[in-house]
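Naming follows writing order (A, B, C, D, E and F), and every chain is counted from residue 1.
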Amino acid sequence: MSPEVAVSAEKASAAGPLLVVSAHAGDFVWRAAGAIALAASRGDRAKVVCLSYGERGESARAWREGKGLDEIKALRRAEAEAAAAELGADIDFLDAGDYPLPESPELVDRLVRVYRDFEPAVVLTHPPADPYNGDHPAAARMALQARVLAQAIGYDAPGEPLGAPPVFFFEPHQPEQCDFKPDVLLDITPVFDRKRKAMECLPAQRHMWDYYTDLARRRGVQLKRNAGPNLGLAHDTMAEAYVRLYPQTTDVLA
Amino acid sequence: MSPEVAVSAEKASAAGPLLVVSAHAGDFVWRAAGAIALAASRGDRAKVVCLSYGERGESARAWREGKGLDEIKALRRAEAEAAAAELGADIDFLDAGDYPLPESPELVDRLVRVYRDFEPAVVLTHPPADPYNGDHPAAARMALQARVLAQAIGYDAPGEPLGAPPVFFFEPHQPEQCDFKPDVLLDITPVFDRKRKAMECLPAQRHMWDYYTDLARRRGVQLKRNAGPNLGLAHDTMAEAYVRLYPQTTDVLA
Amino acid sequence: MSPEVAVSAEKASAAGPLLVVSAHAGDFVWRAAGAIALAASRGDRAKVVCLSYGERGESARAWREGKGLDEIKALRRAEAEAAAAELGADIDFLDAGDYPLPESPELVDRLVRVYRDFEPAVVLTHPPADPYNGDHPAAARMALQARVLAQAIGYDAPGEPLGAPPVFFFEPHQPEQCDFKPDVLLDITPVFDRKRKAMECLPAQRHMWDYYTDLARRRGVQLKRNAGPNLGLAHDTMAEAYVRLYPQTTDVLA
Amino acid sequence: MSPEVAVSAEKASAAGPLLVVSAHAGDFVWRAAGAIALAASRGDRAKVVCLSYGERGESARAWREGKGLDEIKALRRAEAEAAAAELGADIDFLDAGDYPLPESPELVDRLVRVYRDFEPAVVLTHPPADPYNGDHPAAARMALQARVLAQAIGYDAPGEPLGAPPVFFFEPHQPEQCDFKPDVLLDITPVFDRKRKAMECLPAQRHMWDYYTDLARRRGVQLKRNAGPNLGLAHDTMAEAYVRLYPQTTDVLA
Amino acid sequence: MSPEVAVSAEKASAAGPLLVVSAHAGDFVWRAAGAIALAASRGDRAKVVCLSYGERGESARAWREGKGLDEIKALRRAEAEAAAAELGADIDFLDAGDYPLPESPELVDRLVRVYRDFEPAVVLTHPPADPYNGDHPAAARMALQARVLAQAIGYDAPGEPLGAPPVFFFEPHQPEQCDFKPDVLLDITPVFDRKRKAMECLPAQRHMWDYYTDLARRRGVQLKRNAGPNLGLAHDTMAEAYVRLYPQTTDVLA
Amino acid sequence: MSPEVAVSAEKASAAGPLLVVSAHAGDFVWRAAGAIALAASRGDRAKVVCLSYGERGESARAWREGKGLDEIKALRRAEAEAAAAELGADIDFLDAGDYPLPESPELVDRLVRVYRDFEPAVVLTHPPADPYNGDHPAAARMALQARVLAQAIGYDAPGEPLGAPPVFFFEPHQPEQCDFKPDVLLDITPVFDRKRKAMECLPAQRHMWDYYTDLARRRGVQLKRNAGPNLGLAHDTMAEAYVRLYPQTTDVLA
């Protein structure tokens, strides 16, 4: 192999910054906290961008308790900040509103600027179909459009044109109904404790703690099944599932 | 991460033996020579199993020249042996006949024994659909069935139960018509010369040399497009395309 | 079974109000009149919401006769009202325009208010793909988005948060081209006469009367084929075909 | 509606015998025990047909303990009989062998005779795709072929031609990888205790008890999400997921 | 364009012999009679190969009347011969048995010989999926396999290697359930009378006459819808629907 | 056949004007130049509508050279005009902007007027999915919506209602990733020289000349494979691949 490819495509992109684009303030915790904590534990920068706080659609308990809109936003923000801190990630809030999350050129442009500024090597977002929640696909469409625009030298925003960071969709609440067929199972065993603590930063959704702990165990069983019995995997392997948007580029089949 | 998973699932499986199950004597050359040469160049063992010589269905020129069946088989065998040697792989011929390649429990059992004996860490074979050639899906079905049988401790064959080696489908001649949507692009630039030489071991199919050289260049352009512009990839990146059957298991998203 | 589930999920939801969201004034007649008449005959409330009159795209004869836009709208409205009355349903017209039916947050909000007010137990609308008519998918997208928004306690509209009424897509004009694979065949034999009379309320589309009568007979033959020969079904079973968006919830497999 | 259809198609077929065709002795327990126990609790007959004991492919622990083939078969048989008894079902063993389960006209013919004799109103079997286990799709193919053959008056077997009982595929171990998208969620809350006891009849697979208990809870959460909040469902709803092969026939949309 | 391609690919292949491979004696009548009659009316040779008589699975009335197996076969044969004669086609019967139609290398070999002898320019057969009738996909698999084998010079059968005749799947009884999405609508208006007469050669299936007449009218309406209003098509256009297996080759987009 | 259908549907539509709707100034050259040149060489009118110049997203070299926006637009316009002239087509530029190409009712209305004025018999545009470039699907959505609107007599624009011209999607840069499965292979051998010359009118994208020449050769090999060996096709057949949106209407299967 000539010197210029001595660093493989895979390793180079593995070592870089991780960007997570999330429709609501809590989504990144249930679905991608393991990947975020792994990146941080490797020393990679990680950033979460929440397009909204999930103030209308994901805060039922607060509404039932009679809280007001601004109060709810502040509450969700504080929870998400605590969870991000637990995982070792920065977090930004674009406060674009939810239910519905409005798609607009302006919001896409804000995301382009995030890409140009943060220069992610890996991008995580929602999968493009979710018949239970229109905000999730809306966030995905904007995250994907902004990524392509940020690649164009002619797009008028500060910074250098973006490379082609791979995109992974994280797992929706009802995967089969969202046509989510995992093609990556990520071993999050060493950081699962941090994922659990991040989940516990969201006390209003306590019923989700166990649901997503069970899911991590279930995906862990599947990881072991797909990895084979001989790899020295921990008994209680915990995992997250992802779907790639683009083909993997690599110099080794494994 | 606890010590027992210090060696990641991905790296461990990347370092092991590569098994290629091919319907006819030439298939592995056009479609997987790069992956084979890469494995050999890393020091991994590589083995090709040809279920038939392709004597009836892939030897039109020899038939037109009036050669007999045994002569054609010998010819195809010699060519395939030369190509495998060029790539650094062992090669076995099961001589099960082609056009049609008959599916049978006995042939599957022979493959189980290959798996148990060779203990592959990675398996390559044909994709499961090909409306132009029924032998290719037949080979794939047997390769996949044998892999599952070899995993069962209760299956009566020598050796230890197989792990769960990942399976990659290599590219068919008309990919879209075979519903082949690449999800791995493998950089074969450093070994492309060997692939070309292996192809040239098959003189009766000279028109394929350029067809598959062009294809490697085309897949290389796509690899660069998907890997981003900043990775120091060679100008003339050459690639092979693959489809995974099972989800990737890994401890890093990249 | 504990008392609180003594009434099965299926029966409870079967007994409630039926909402039909239709892009144009005539759509509900050809495609869902049987379901509407069945609901009314059971004593359930039924309501049709027409997003437009179909004044531009579905009124070719009136345009050829030289009628004006307002005249055509009034005509279509009168026809649809007559058809709804025949079926025993209420009907509302949102007069949002057609060809194209414009998608807007305001129109979605009007639908949210319909959901909150009517509290449907079952929702019918167009399937999400139709390469022959963009208004149909637009209507479906808005009907589905509004249903999700109406479920959120934080959405600012009068009334209680909506439950999760099942959604059924009714049959488009060219089902295969719209990827419409029926998964429910509804026996409308006892109310087919009313469907026919409702169709006859639309004299400008007389050629459709027989087309949709033939279709009902065809779907009826299929219903009998799928139900088995021993169920005492009428010789001339008439049926409508539907596709579910969400999984059926039930306490009996049948 | 004429008197002969006063009893709806749905209710009539709901009230009849349930047949489960299972590749190995344990499959019906993990995947369909709830449906079986519900049928028995309604007073419907239920029968399980195990094509093999799963002696080679699903009995790893027994092999590791050094047991012999006949001993393992007897063990699996006893366990499955105990589980079926717990659920209130009859059970037959065709002992056709596993890993691989051989497909043959003779085995299909035996299944035809089961259909003609038992006259099921509902059929459960494996889904048609499973890249982890070839016996499951083989069992499904034979179960489906036999069902069609049993419908033909000209097929030479005792009994009357079969009607058209609906077919439901039960959930495989890794649903997404088997393209299993649930379209029925069955509430098994009132019989879950029996399912748990039936699972506990299989002590060699103790790790599955919790895996399938977690799965039932997970499917229960989804059932509640799809059924809406207002149905008086138990807090700890437990469910099983199914996929229909044929369209549902009904006289009410719900 | 050089002289040798002065006759376009499309016209050349349109002018050649038509081969229809049918599982049972009646299939070609309901589903492909229009295409056959069109070919004959153009002066092209047309041949139907019936793999079985449909004696067990498609002769319910004869069995109920107490007829014997040989009698039923003779009856079906006579009917099919009459229908083929009406359409202007030759017909062969391979009498391989039905319900199930057994797949075997010998039967495939007989089909290879038909291909080599008849040298079809166009092939029609069943689509590859039909959950209601396993014989149809079995016939399709053998027809397709034989076509590929007949192309190989090394296949041991008389005659020259076959070209690459396009394959069209004709319409199954329940198209959506067979994933049949028409991509060709064939105008059979000028020969519909002959199709009707051919159908009337099958008196035991009288209920099918109107079903398939209605279908032809329905497909005719769709043909007009897809062809546009300006083509001078007859008011009562009748059509058959087909699906291509391979891409169309042409020198004009239309 | 009655006189009014003596001219077949296929031939009639083949003989008419060709409209190409392209997102950026260069797209029509790489992907559809062969079809355009064939139409012109038959004497049919051909028109290209470029929705934008591709000034931001497809002009990287010009931006790197420091050119300004207006300069780049002028450059792209001149290149595209030269290429269109080479092919014998008219070309219009709607200058709607790119990266992103904004979707709007106004832009759709402009396209409706093009359809009404030009009265195309065949329409070419981008396929509806492209994860690498959002402008391509946006262009396709508008081209398709405008085509349907132009068919409605009630749509307020000059001219007669449009017929139903068939739509063909041309090949995207990475076909498999765009779910592009060719169903038409168009022989462009006699006009390939003109396509090459048209490509050479775009000097900034010199690396594409060979990429698309290789692709034409590759599609040509596939055309020969699908057309069969006996058709007298030129040795170096060159082809373009297309996907139909609507079913083909014809009076001959070929």
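The rule is simple: a contact is a pair of C-beta atoms (placed from the backbone, for glycine too) under 8 Å apart; a residue touches a chain by one contact, two chains touch by 3 or more.
Protein names from UniProt, one per chain: A, B, C, D, E, F = 4-oxalomesaconate hydratase.
Owing to the predicted nature of the structure, the values given are computational and were not obtained by experimental measurement.
*Asks:* Starting at chain A, figure out the least number of steps needed to reach chain E through touching chains.
*Replies:* Tracing touching chains, the least step count from chain A to chain E comes to 2.
*Asks:* Return the chain whose centre of C-alpha atoms lies at maximal distance from the corresponding centre of chain B.
*Replies:* Farthest from chain B by mean C-alpha position: C.
*Asks:* Look at both sides of the chain A and chain C contact and report whether the same residue positions are involved, with over half shared, or different ones.
*Replies:* different
*Asks:* Chain A to chain D: how many Å between their CA centres?
*Replies:* 37
*Asks:* Mark out which residues of chain E touch at least two other chains, giving numbers and ranges.
*Replies:* Residues 132, 177, 182, 222, 225, 246-247.
*Asks:* Considering every pair of chains, which are in touch?
*Replies:* The complete list of chain pairs in contact reads A-B, A-C, A-D, A-F, B-D, B-E, B-F, C-D, C-E, C-F, D-E, E-F.
*Asks:* For the complex, give me every residue of chain B touching chain E.
*Replies:* Residues of chain B touching chain E: 55-57, 59-60, 63-64, 69, 72, 99-100, 102, 131-134, 177.
*Asks:* Considering only the defined contacts, which chain C positions touch chain A in the complex?
*Replies:* The touching residues are 105, 108, 144-145, 148-149, 152-156, 161, 245-247.
*Asks:* Could you pull out which chain D residues touch chain A in their complex?
*Replies:* The touching residues are 132, 173-177, 179-182, 211, 214-215, 217-218, 221-222, 225.
*Asks:* Using the touch definition from the top, list the residues of chain E that touch chain F in their complex.
*Replies:* Within the complex, chain E contacts chain F at residues 1-2, 4-5, 7-14, 18, 35, 38, 42, 121-122, 124, 161-166, 168, 182-187, 189-190, 222-223, 225-234, 241-242, 244, 246-254.
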